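Okay, so chain A shows up in both of these, paired with chain B first and chain C after.
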Partner chain A sequence: MWIYEKKLQYPAKVGRANVQMAKYLITQYGGPDGELAASMRYLTQRYHMPTPQAKGILTDIGTEELAHLEIIATLVYKLMDRASLEEIKAAGLGAYYADHDRALYFVNGEGVPWTAAYIQSKGDPVADLHEDMAAEEKARATYEWLIDLSDDPDLNDTLKFLREREIVHFQRFGEALQIVQEYLDTKKYF
Partner chain B sequence: MDREQLCMLKELMALEFTVLEFHLYLDTHPTDQRALMEYNSFVQQLAVLKRQYQDRYGPLTWQEPSAYPWQWIDQPWPWEICYE
Partner chain C sequence: MFTPNDQMRLARAYVPFQIFSKRLDPMEGLLKGTIFPELYFPYRGHKR
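The block that comes next holds the complex of A and B.
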């Protein structure tokens, strides 16, 4: 089961409302390399991991991604919340407004809704852990492009924290992969 | 949220993050005794700080006692806090 903590993992800071930035950032909410995809991917892959280390790391990183999902939601909420209709239209979010007002919804920056097709669960731990490492690198790159697009130092501070987490997760998945490969190698001989 | 509470909340966030970092590390390094000792020490510090925070400002999670009326729904929620 999961337990909610009524706090964020890291302060979600926004210097000023910025609808254009909200439109870019929402891809980390419901886009292909976003936090929802990350969390769902790891939490569903863990059932077929052969070693306790891999079961543990997928459970814990999958859970941490939910905390990141909440940080992204908070950032988008703050960037959008007090925006005027004129600003929303100017940022190209008129169509989004028609469907959702200023509410959060799982889409990428172009409005395409989230799909389970973004993730895979192969039943092969080596294939799945390689996908997870690639996913972390893609998310890291996305945060870098988002930081390039933003001129808000408060927002960038939060985005840099999230970018850093992708690097740590990549490292941990790499270690889990090595443990899994060693385990599979020993199985071949006995 | 007043400055004092925000300050304590940020301290709690930082300490809990430290515990999480050790936790993930230990998942793939379960026999690293030094890391395990540090982890246990941070867990203790976190428990103390969390108790202090919750006694002062109300529950952060479920299965916590509540004053009257039911404190869990007290505002602000995490996305409503101004962290700057």
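The block that comes next holds the complex of A and C.
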């Protein structure tokens, strides 16, 4: 179970509304390397991890990704806030508007809806932890391209925080991988 | 180049364990995204 804290893990400030940036950023909401995919991937894979440490790391990081999902939602919402229809159309979000108004939906920057096919749950803990480490690197890279696309220092401050968290997550999954590999090795010999 | 030791085998990925040493104060850690200075690798922009 979870305990909800009615605050964000990190402040989600934007310097100004920017519909074009909202369109780019929404991929971290519902895109292939976004926070929903990360969270669902880890929270599902944890059940077949062979050691309590690996289960715990997947639970903790899967939970933190939900906190990041909330930060991204807040950022996209603020970037879209009070956008005029003209701005929405100019940013190429007219089709999005037809389906969702200004509401949040799980899509990538091209409007492709989220799918469970973005994630795997292989049942092999070594294979799955490698996917998780790759996912962290892909999320880190996505935050870097988003920072490149943005000229808003407030938005970039939050994106840099989220990017750094992916580096920490990679380290933790790497440690989990060592623990799991050593555990599987000892099982082979006894 | 990284030299493998006798604990390591081929066809396997290794990430070194973090050894607890220094810790930033909580506010600085929050701003940076980690309280561990050895895990802080800020983005300096892309070289293209």
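One rule holds for everything that comes next: the second predicted complex is superposed on the first by the 190 of 190 C-alpha atoms of A that agree within 3 Å, B and C clash if a C-alpha of one lies under 4 Å from a C-alpha of the other, contacts with A are read in each partner's own complex, and residues count from 1 in each chain.
We take it that a residue touches a chain if its C-beta (ideal position, glycine included) is under 8 Å from a C-beta of that chain, and two chains touch if they have at least 3 such contacts.
Because the structure is predicted, anything quoted here is derived from the model rather than measured.
Of the two partner chains placed around the shared chain by superposition, chain B and chain C are both touched by A:175.
When the two complexes are overlaid on their common chain A, residue A:92 makes contact with neither chain B nor chain C. In the superposition on chain A, contact of A:130 is made with chain C only, not with chain B. By the touch criterion defined above, A:32 lies against neither chain B nor chain C after alignment on the C-alpha atoms of chain A. In the superposition on chain A, no contact is made by A:50 with either chain B or chain C.
Touch criterion met: A:163 reaches chain C, while chain B stays clear of it. In the superposed model, A:148 lies in contact with chain C only, and not with chain B. In the superposition on chain A, no contact is made by A:111 with either chain B or chain C. Counting the residues of chain A touched by each of chain B and chain C gives the higher count for B. Of the two partner chains, chain B is the only one that A:13 touches; chain C does not reach it.
Residues 10, 168, 175 of chain A contact both chain B in one complex and chain C in the other. In the complex of the two chains, the chain C residues touching chain A come out as 12-18, 30-34, 36, 39-43, 45-46. By the touch criterion given at the top, residues 3-15, 53, 56-57, 60-61, 64, 70, 73-74, 77-78, 154, 168-169, 172, 175-176, 179 of chain A touch chain B in their complex. Within the complex, the chain A residues that touch chain C are 10, 130, 133, 143-145, 147-148, 160-165, 167-168, 170-171, 173-175, 177-178, 181. Listed in rising order, the residues of chain B touching chain A in the complex are 9-10, 12-13, 16-17, 20-21, 23-25, 27-30, 59-62, 72, 77-79, 81, 83-84.
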